[in-house]
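Dropping a structure here in structure tokens format, bear with me for questions.
Note that the chains take the letters A, B, C and D in the order they are written out, and that residue 1 is the start of every chain.
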Amino acid sequence: MNIHEYQAKDILRKLGVPIPAGEIATTPDEAEAIARRIGSEVVVKAQVHAGGRGKAGGVKLAKTPQEAREKAAAILGMQIKGLTVMKVLVTAASEIASEAYAGIILDRATKKPVFMVSPAGGIDIEEVAATTPEKILKLPIDTRFGLMPFQAMRLGFFLYDDLAKARAASKIMQQLYTAFMQSGCSLAEINPLIVDKAGQVIALDAKMGIDDNELDRRPEIAALRDETAEEPSEVDARNANLTFIKLEGNVGCCVNGAGLAMATMDLVKYYGGEPANFLDIGGSSNPEKVVNALRIITSDPSVKAILFNIFGGITRTDDVANGIVTATKMNPLKVPIVIRLTGTNEEIAMKILSENGFSASSDMDEAVKKAVALATGGQAA
Amino acid sequence: MSIFINKQTKLIVQGITGRDGSFHAKQMMEYGTQVVGGVTPGKGGQKFEGTVPVFNTVAAAVEATGADTTVIYVPPMFAADAIMEAADAGLKFIVAITEGVPVLDMTRVYPYVKESGARLLGPNCPGLITPGESKVGIIPGRICAPGPVGVVSRSGTLTYEVVYQLTRAGIGQTTCVGIGGDPINGTNFIDCLEAFEKDPATKVVCMMGEIGGADEQNAADFVKHHMKKPVVGFIAGQTAPPGRRMGHAGAIISGAAGTAAEKIAAFEAAGMGVAKRPLDFVELVKARLN
Amino acid sequence: MNIHEYQAKDILRKLGVPIPAGEIATTPDEAEAIARRIGSEVVVKAQVHAGGRGKAGGVKLAKTPQEAREKAAAILGMQIKGLTVMKVLVTAASEIASEAYAGIILDRATKKPVFMVSPAGGIDIEEVAATTPEKILKLPIDTRFGLMPFQAMRLGFFLYDDLAKARAASKIMQQLYTAFMQSGCSLAEINPLIVDKAGQVIALDAKMGIDDNELDRRPEIAALRDETAEEPSEVDARNANLTFIKLEGNVGCCVNGAGLAMATMDLVKYYGGEPANFLDIGGSSNPEKVVNALRIITSDPSVKAILFNIFGGITRTDDVANGIVTATKMNPLKVPIVIRLTGTNEEIAMKILSENGFSASSDMDEAVKKAVALATGGQAA
Amino acid sequence: MSIFINKQTKLIVQGITGRDGSFHAKQMMEYGTQVVGGVTPGKGGQKFEGTVPVFNTVAAAVEATGADTTVIYVPPMFAADAIMEAADAGLKFIVAITEGVPVLDMTRVYPYVKESGARLLGPNCPGLITPGESKVGIIPGRICAPGPVGVVSRSGTLTYEVVYQLTRAGIGQTTCVGIGGDPINGTNFIDCLEAFEKDPATKVVCMMGEIGGADEQNAADFVKHHMKKPVVGFIAGQTAPPGRRMGHAGAIISGAAGTAAEKIAAFEAAGMGVAKRPLDFVELVKARLN
């Protein structure tokens, strides 16, 4: 789960990280009022779960409250990478003397959170890593010990030669690490971490990604989810306990298991089609899940054919068959459906389906080929 | 022969009285696995299915039964503790089925288990099966058959699909291992490849990877430099968009890293057979068995 | 540093450990008032840093407030192992169904805090360990991981078969461990941990020893020190940054270094004397320390001779000599002094001493023999 | 020959610009120790005594100087971090002089250092000296002389006393090691005895223990079963009362355990020479050198 810049900043500010004053606005009026309260030049920043806001025109400097209103009016409602901007952060502008980068990612290779810091901040850190790797210090953190003081100081000295700045940065590193651990992050970054004209080390932007598995035990973090900033069908799927990702194709896929779901999508492509989605109904075989899955798939107008691929292990294929029958009775399908079922209770499932006018196959390749043909204008068998 | 488990494996089930634990404990017992005990705090002294003793702690279960292996079916927030309890009790092989374990928990679990000298499989994995001898986890026994092929995979149902195709084609398996789809897990591809290379009964290895991380690339490197036996590989997620988690916490393309293309190229560079679709395994394995 | 039962209970109570209501009294009046507030039978317990209070008559049951006053009057002012009781804890009496023991000690063999629990509580745990070791569970805790839930449950089930009681005990174990770590303990114990007639698991007594090295960073714990409960000369010495322990003999010892100080005491004994104290002036050679050391040694009327044994490494022996001269000018000695000095600036030190009428030797055995002879009625050379 | 340090030892000093650190760095340099660098955060780039480069971090110091050993003079609340920084930077021998380190800190430091593969001496120790070659710590150089006796002790000035008596009697030392008086320290008697046993130049070992714990008893056991060289032992604290900490955090008799009598009995059972007073070492060693 991603949270917004302003939410990440709230978390960091509470832990003591120096961050310029700022408030969230959903209307130009509010933006103007906030700018007036701040009483200096402000920056108006689109709050969306997408990178490249700056290039897309989602970040603007405003010298006066009136100007803040105008910039907010321009940014609110704009589309950035397909997402509509619903909120802007209005925050005091800083005079930047130098920009650095500080981030932590949960790294699968070292099996640890890894700090990455670079005095070359403000730009894409992956580009720094590719072009000038010597400008990045990567420091894996053993969570049994936490971020030790000497490590924090080493990170600080990598950014700044001056003791006072290195100390200030090392304190921010401790706070960023605390935020990372307390919030259950998979990613937390401050970019840019600046030194202002007065010599203060300040976080100007912040980003956090949360491990979804942490949300159950961190209700205060789970509450930060902003469903208005997400694809509605994905919100719908998540609330139905389905894993769903919308794609650009026209073959709607419904599969049990993530690996098989990906393999099914790949096979669609292999036979010349394009998958409309990733959808994993998971291990349990609750017919209601199937009903929800069909609703979500069919709500996408670009879907021209639906493909079920179910390998019954724990999943009982008769439950899936019952789900399909129920769902299509409630909402008759407007596009053809191709069903592949095999494994647990396969015979019962086949019987249920044929009694209700559906045909089904036990062969994956055959089913995929048929679905692709239907989506591209062929006929169901 | 086989890897990790066999007829002698003495298993305890952590969470044996829970919904999933009890269901699968029965399935494992029916398959022939020696389920020697179970653990559920507060149910110590009871018998599961009238025969299997239940204990309050893993330490008590190990002491009473001499178990060497455990399988864990407990809710995600308790899984890290359950794994560490198993390692602490001296169990040498720990299979964690639980899905949804926070990755930060695993950053502590991993070094703990390593220091204890145990092997962890999972979490978020289907377990493993040595057809005809023992199954630990949730892989359906009836899709497998004994034979000369080692199978290792990050995925559950995709494994079933491939094993099912192999079995239907008359090709049995030594052991089928699901290592799980989480970013940090206890046993990786290389651990399994190494074990299959050493197992005299295994003649060919099938390996199903997916997008995300560099485990498959590292495994390909291992195949190239340390394996004499032929390996056939597959990567799921060729159509996955970057930056989106495809169900598994570990199945995510970060920037330009962890793509299917990159992994398939690594397989090819290692001289491995590459299955373009699950069905291809059958012919590729057949060709290498002769 | 030891803290009182009531202070240890306050720490545990704040962390959630169930503990009967109780307050501290320094007069019989206060004890009566507290008993009245509690409104049930109470126990009046002497607060001293000594074991065996019960056997010494320092713990009494009182059925009425009037009786609490009487028991408090009897206990306040009594001597337990040489320490005067200045305070009593007046606490609600519990109906005990069973007694257990739970403790944590910092164990040098495993280099870890080790939990010890036993269903045979209320009595001396060392005796349980000696006679029925199977009734004790010893569980070392790796502080990198802390007390893990499964360990706490294992401790709980070792005490109680019943799940509810095992859970309650395991929660108390977590709280005890937290107290141990947060307070910088070397020892923390609850003895007895009881189950009352209502089935509740309750801590009836608590004891904590703090690692002196922790006090600098834990001012709130350091503030719990009760100087009225300690030997006055030891309090004096600590405030002068000296390590001092009063003993029963008559040869006052002043040495630099703990190992050499013990070896010097042993040598006094070897030559037939008895040391009056352990005193380590430490590594630095501040003349003021020597002045304080002499003041503390001579304040003990049983001291019949004073022995200095200084091996000058970091310690400059001339500083020590100057300290002796200054101290004896301020307060002329009433008992003979024997001085052994060797090492750094030995020649200067010897000159200072002889100019001021002191003789000194560089031989340890010779000096000790002479001091013993003087203390037992012989003459200084 | 010697143990742990010699002419080749390349040392850095953590806390080199502090009061104790600067004093002893000079002493060590005068004795001939190769002090190749120092560490004080914020003083990176300076030179100590005009010659020794100072760095902000241990990592930078090690990278620039190739040091293999460090000696730590930092305040007690920072000592644990300093030790872990040294281990993290790849130093193989870490000598911590600092007194007053909280014991709970050491419960984390000890496994950290162990996992890193480094050896820690101390904390709360005087360090060590290989007479005529190198000294690391605070043992006064002029009381030592090269020769065939290995010395290991929990105490500082008591070590000086014994070494002084030996040197005055014409008996020199291979290496004198002070392991420190804390309950948890990095190197114990057995580690040193093992090293002395392997060192061809060491002919006799002197060991000064004290009350508290069971290290001396364990050491006696080691002498009995694993050593060919003669060992002479002494225990300080025969007159110490139970339950009182005699200066050193570790010098405390708990109940009936850790008494001097118990330790001396262990020495005798191991066939060791037992010095009743420090002076006795001279004759006992002499007898064993011939």
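One rule holds in what follows: a residue touches a chain if its C-beta (ideal position, glycine included) is under 8 Å from a C-beta of that chain, and two chains touch if they have at least 3 such contacts.
Please read all numbers here as calculations on a predicted model, not as lab measurements.
> Give the fewest steps needed to get from chain B to chain C, where each step moves from one chain to a chain it touches.
1
> Please state whether A-B or A-D has more C-beta contact pairs across its interface.
Looking at contacts between chains, A-B has the larger number.
> Taking each chain's centre as the mean position of its Cα atoms, how many Å separate chain C from chain D?
A distance of 28 Å separates the two centres.
> Determine the centre-to-centre distance between chain A and chain D, using the mean Cα coordinates as centres, and give it in whole Å.
That gives a centre separation of 55 Å.
> At what distance in angstrom does the C-alpha mean of chain D lie from that of chain B?
Going by mean C-alpha positions, chain B sits 49 Å from chain D.
> Mind pulling the residue numbers of chain D that touch at least two other chains?
Counting only residues that touch two or more other chains, chain D contributes 108.
> Can you tell me which residues of chain C touch two or more of the remaining chains?
144-145
> Just say which it is for the chain contacts: an open line, a closed ring, a star, complete, or other.
other
> What chain pairs are in touch here?
Contacting pairs: A-B, A-C, A-D, B-C, C-D.
> Any idea which chain A residues touch chain C in the complex?
Residues 144-145.
> In their complex, what parts of chain A are in touch with chain B?
Those in contact with chain B are residues 106, 108-109, 111-113, 126, 142-144, 181, 184, 186, 211-214, 216-217, 243, 245, 247, 255-263, 265-270, 274-275, 278, 280, 283, 311-314, 342-344, 364-365.
> Which stretch or stretches of chain A touch chain D in the complex?
Chain A residues touching chain D: 145, 148-151, 153-154, 157, 161, 163, 166.
> Okay, in this complex, where on chain B does chain A touch?
76-77, 99-104, 106-108, 110-111, 126, 138-140, 143, 153-161, 164, 181, 183-184, 208, 210-215, 234, 236-241, 244-251, 255, 260, 276-279
> Would you tell me which residues of chain B are touching chain C in their complex?
The touching residues are 41-42, 44, 56-60, 78, 81-82, 84-85, 88, 108, 112.
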